[in-house]
Amino acid sequence: MTHKRPVRHPGTVVAVLACLSLAACSAGSTSVGKSTGNGLTIGLTAEPATFDFTRTDGAAIPQALLDNVYETLVKLDQSGKIRPDLATSWSLSKDRRTYTFHLVQNATFSNGARFTAEDAKFSIERVNSAWTVAQKAQMSVVDGVRAVSPTELEVTLKKPSNDWLYRMTTRVGAMFSRTGVRELATEPVGTGPYVVRNWNRGDSITLARRKGYWGRTPHFASVTLKYFKDPTAMNNALLTGTINVIGQMQSPESLYRFQNNSKYKVIEGTTNGEVVLSLNNGSGPMKNPRARRAVRYAIDHKALVDTCWAGHGKPIGSMVPPTDPWYQNLTDLYPYDRDKARRLLEESGESGRTLRLRIPALPYATACGTVVKSQLEQAGFTVKLDQLEFPAAWLTTVFKNSDYDLSIISHVEPRDMQTVFGDKSYYTHYDNPEFRALLRKADQGSQEQQIASMRAAARLLSKDAAADWLFLLPNLMVADADITGLPVNSVSESLDLTGLGRS
Amino acid sequence: MIVRLVQRIAILLASLAVSSVLVFAFMAVLPGDPARVALGTSASDSAVAQLRQEFGLDRPLVAQYLSWVRGLVTFAPGNSYISHAPIGPQLADRLQVTLWLVGTGMVIACLLALPLGTLMAVRHRKPSGLVLSALSQVGVAIPAFLAGILLITVFAVGLGWLPANGWTPPDQDPVLFLKQLVMPALSLGIVQAAVVTRYVRSAVLDVLREDYLRTARAKGLRPTRALLRHGLRNAAVPVVTVLALQLATLLVGSVVIERVFVIPGLGSLLLDSVANRDLIVVQDVVMIIAMAVLLVNFLVDMVYLLIDPRLRGGGS
Amino acid sequence: MTPAPGTAPAAATQDDVLAVRNLDVTVGGRTLVEDVGFTIRAGERVGLIGESGSGKSLTALSVMGLLPEGLRASGSVRLAGVDHDLVGADEARMSRVRGKEIAMVFQEPMTALNPTMRVGRQIAEVLLIHRTRPDRASARAAAVELLAQVGLPDPGAAAQAYPHQFSGGQRQRVVLAIALANDPALLVCDEPTTALDVTVQARVLDLIVRGVQDRRSAMLFITHDLAVVATACERVMVMYGGRLVESGPVREVFTRPRHRYTQGLIGASDLTVVDDRGRLATIRGSVPPAGRFPAGCVFRNRCDHATEVCATRPEWIPTGPDSGYACFHPVPGSAAPGATTPTNQEAGRG
Amino acid sequence: MSVQEREATVASAVSADRKRRRPVTGSLLVGGLIVAAVIGMALLSFVWTPHDPTLVDPSVRLQEPSSDYWFGTDKFGRDVFSQILVGSRTTLFVGFVAVGVAALIGVPLGIVAGMAPRWCGELLMRGNDLLLAFPALLLAIMFAAVYGAGTLVAMVAIGIASIPHFARLIRGGTLQIMRTEYVIAARAAGRGPFAIAVRHVLPNVSGLVIVQASVGFAIAVLAEAALSFLGFGTPPPTPSWGRMLQESQELLSIAPRLAVFPGVAIAVAVLGFNLLGDGLRDRFDPKLEDRR
């Protein structure tokens, strides 16, 4: 959650908007929210444009609706493991192509309809038929869906895919009612514990607990998601009691205002948001591997994180967050070495060229851009910094037209190595058949094979200097001290409200 | 008088027509196809074509213009390219918020500027007048958003008297509404007051030098009453002019203030729509602001007729 | 009139409406009016003449207490029936006097009226301020009556009109109506006809004179036009350089001036052309800027008869109860004045 | 009363002070000194700054003011004083572009409208007034949408939005000069309109232009600050007072000085240009008295 506004026109899966999940947690006693009466108000940054994530991209909609209004068959726990949700259990056939899900019996949609295997079949098939967003590709591996009984669903894949089950925890796995998809943009109908009660466009969304939810009743009767474009405003809102939780701290520099104050609690964990210094592997000076490596040696990651994100944020060295099973620390592949960078730059023959560092006008990008420019210049590069309005101008110039040499963007989609580097037409234009083969192998193999292959792929990617990974955005949350159930790590696309409580 | 009125209405309508053409033309030359922008970079050409048809973008420009104008005139401006939501209710909501803000800001500005400016004029040679005058110069030099940030720092974060930001409609919670309105309205109002004060001072100084004010005193009116009875109405003409011009500034100044105080008004809508290239909304918001400015100018013309009999015609 | 600058003031008699003593007007360090003293009796019409910058308007404004900001008056101005000195009186006390005991007609009728108020109301206002009429309705009726008195056709409609709908002469009549509304004991007129067309000057002048005569008001009439003084006034005072230099009955002063300045003034106005510049040209040199007059006799740098003695200040030499002059080398008493008196000229014109 | 007549009323109301004919006024002196100081800072920054204003140095981030860093450092370890110095260039650039655009179009427009036949002048002014319906900030945001955010784009927009003010003021002045005897004489002598415009009108309205330019400068500086705050202004890393102010926000309670220095710089510069404008008005305007 790093971007100010939701993306409404992304291409493929650039989930440029961050999302966070408040996963598991414990419940507490009932108390009264400061501003919303019997409820809780959470400050967030990116407001959805519509409620229809089947046709509108961006992380803002699943952040608000997934797990709260819509539910999935399976969902992630805090450690990144896949757990039952609407499916009580599932099994995988020997050829690793057929999943059989056993569904809960008593789930209903908020329009009153019962949730059955037919709805699950309808939802999965609808991804391929009616969705327009880029994520729909993740469902293309499905060969056929069969409702064996009202509580048993069978999904056959065209080829084995470890990734598919994981994607079923994300928005493409959301379960829709066969009779509730007419007004998706304004009236979402799901099986979740909350319904949308009020949407004050440009300001806030209020979710209300619904009666008849099949699972455990969440603590808060209503939760308001309030959207702030300005990080300082969000901090002030918490300080003056307008909100109870800062869902994602956008100005870590001002954490000190909450840290030594018993009225507040600060939570710091990881997210899926890799802040990437993207390099244009396809053309220009960054096509040259030596020049790319020079860039990587020139960046002093420690100093960078200290300066632009107040020391919060983990250096990662490749496209894998620590919550993924195949995470490994690859930061020592390119330790900071200015002289080496200078030498490599000389050798590359690109030293005379001006690099265009074109960043979106977002807090972290602006802050990092200033530092990156300064560090690169100290290593002998010539850098011109352009700030592009986000999302429209950045998406057009950098993402669509690839009219850039370097950029800085946080890729917040979970498990997005494939998306960002597995397609040579993507804006990074990284083109390595060996890398793609490793990813394929990981998808189709056993769990051990998957982990090994993914590790190899991540290492290859980093070695090739396909990009530089500046740091992993921390999951920084600040809340009133009595709020419980806040997740340490943000592992999924949703902001799961069901576990929150008040002590 | 009637002739004047008809003339002014004609000018207003002509101005509205021309500015609508300008706004439309400006948006038409914007690089990028709204449909493609709306659908994102990976959309297929057929999907874009379908959306273009849905929005009516495949029609000739003149037809597009006419249907846009029809939408505005009938208060049915269609749907957003991005959110597909109807724009009309949203515009109405946002406009209401901004009007509260601007209206209150203007009232504060007037409440401060009219007496202070008059006082500065009456005492323009005395120390108190000079101090006020210097203060107003400083006030003019402070950006409104800086005033807002300072207010928040002191009264919300520091003293905890008021919420730092946010907006609640008055019918939902009148007390909270007022609490949240105070600081944004003040930051708009105070800076505005500094500007208006200087004009009031000049206008009153001019009036103070007028012969008829001396006549009024020769009649036996004390200076203050002479100024109140005979001066203010005459000073009102330039002041009303300035207030009208400043209203445009205030309307746009609220863009920044809405950002500082997280207020879902017209300004936030404009900024969001610009960032998302929701061009039809940008077009509508810009047109609403232009309309507001033109309308206020028209009303000011009407006010002149009320204030100054010389403009009503029929005299020599 | 009992001019007595520099001398012990003559006691004000019962008849005196206005008694000015040792009046000075200063701004910064400069003295613009110096040691002026005179009295005006009830019903008496007194002219005050002099070139621009001679201090005559400031003298009038001092009497009204309406000096421009920054100017200070000192000395004494007493008005019959007012138990305090008008010099230095606060606004509260002055405002009770102005418009009731003393009223004023200004030079510039085009700007003297509030452009945004109907003239009827502007007249009625002065009646209501001083509560000389019990209520709005009667004040309004009185205003219409006053408009009729100053000769405006259709006074009922005129009361409903705004100033811009009138000509300059008509506006001056409205100003006069305001001034006369409360039957003031003293009417101060500051060049009331100067800004008007020649054709309407005489008519307005006539209205003023008749107005004060009807009310038995006294009048202080300021002008640089000798002919006007001859028509409207019984007595005349001549000011130069912020001082009174001569005074006396109109006929006497105009036919046998004593002060050399008065002599020059009258000599200049002997031409049938009434023209400021033409007249000035006959007195050597020009009026110095305010505060730059020579010490001693203020006129000596322009006077053909000046000698060393003129460097000291000339004493006021009374020649009668209401007359006198301040000059070391006066025109001999027997000297013949101009062939024709201004009075006759004006009479011929009017 | 048309808009331009109103503007004239306002102009004369605002310039009422001139009738008092103050000598070399305090405002002229103070304003002139401040503006000279800003120009001096800008010139100085070309040859000397204590530190590189854009050099990021994490080892010295958020330093308190010291003999080495006079105004301290920001969160990137950049020297605030050096940034303020170099930022004055941005401020001047902003003013010159905005005022330049406004004057280059507004002045000829005003003169033409003042010299043209009455109906034509009225028409020009009506068109001119239409621009008023698009306030400066609005225009700047629209321009940013089309051409991308940037100092130049923003200031051209501010300049365009300031055209009507120049045009109206200059038209008012021109109308008066056209009534003066020397222009009537020149016209009687058969001088062409162009010659009259260049020889008589332009020199006589130049005072008005300078006054309005000074005020326009102040408006532009304020607008740049507001646009920077919204992210439509000067992009990093170019030092700009407006952006420094915006960047200082998150640190407002630990390092308020980061907001104080640029905030004061903006306010003082704007004050300077406004005072200079006021002072110049006192000096230049008597020529064009009796505007009513």
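By written order: A, B, C and D. Residues from 1 in each chain.
Keep in mind that, in the parts below, a residue touches a chain if its C-beta (ideal position, glycine included) is under 8 Å from a C-beta of that chain, and two chains touch if they have at least 3 such contacts.
None of these values were measured; they are calculated from a predicted model.
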item: Per Cα centroids, the chain farthest from chain C; value: A
item: Chain pair with the higher count of C-beta pairs in contact (A-B, A-D); value: A-B
item: Central chain (distance from its CA mean to the mean of all protein CA atoms); value: B
item: Rounded Å distance between chain C and chain D, as computed from the means of their C-alpha atoms; value: 52
item: Chain A-chain D separation of Cα centroids, rounded to whole Å; value: 45
item: Euclidean distance of C-alpha centroids - chain A vs chain B, Å; value: 40
item: Chain B-chain D separation of Cα centroids, rounded to whole Å; value: 22
item: Shared-contact residues (touching 2 or more other chains) in chain D; value: 144-145, 249, 252-253
item: Residues of chain B whose C-beta touches two or more other chains; value: 157, 259, 271, 274, 277, 308
item: Chain C: positions in contact with at least two other chains; value: none
item: All chain pairs that touch each other; value: A-B, A-D, B-C, B-D
item: Complex interface listing, chain D residues touching chain A; value: 54-56, 58-59, 61, 75-77, 144-145, 148-149, 231-232, 235-237, 249-254
item: Partner chain D, residues of chain A touching it in the complex; value: 230-232, 235, 251, 253-254, 256-257, 300, 303-304, 306-308, 310, 361, 366-367, 369-371, 373-375, 385-389, 393
item: Contact footprint of chain B on chain D as seen in their complex; value: 1, 3, 6-7, 9-10, 12-17, 19, 126-127, 129-130, 132-138, 141-142, 144-146, 218, 222, 225-226, 229-230, 245, 249, 252-253, 259, 263, 266-271, 274-275
item: Residue numbers on chain B that touch chain C, as the complex places them; value: 125, 210-212, 214-223, 229-230, 233-234, 307-310, 314-316
item: Touching residues (chain side chain B, partner chain A) in the complex; value: 32, 37-43, 47, 82-85, 90, 93-94, 152, 156-157, 160, 162-167, 176, 259-262, 264, 268-269, 271-272, 274-277
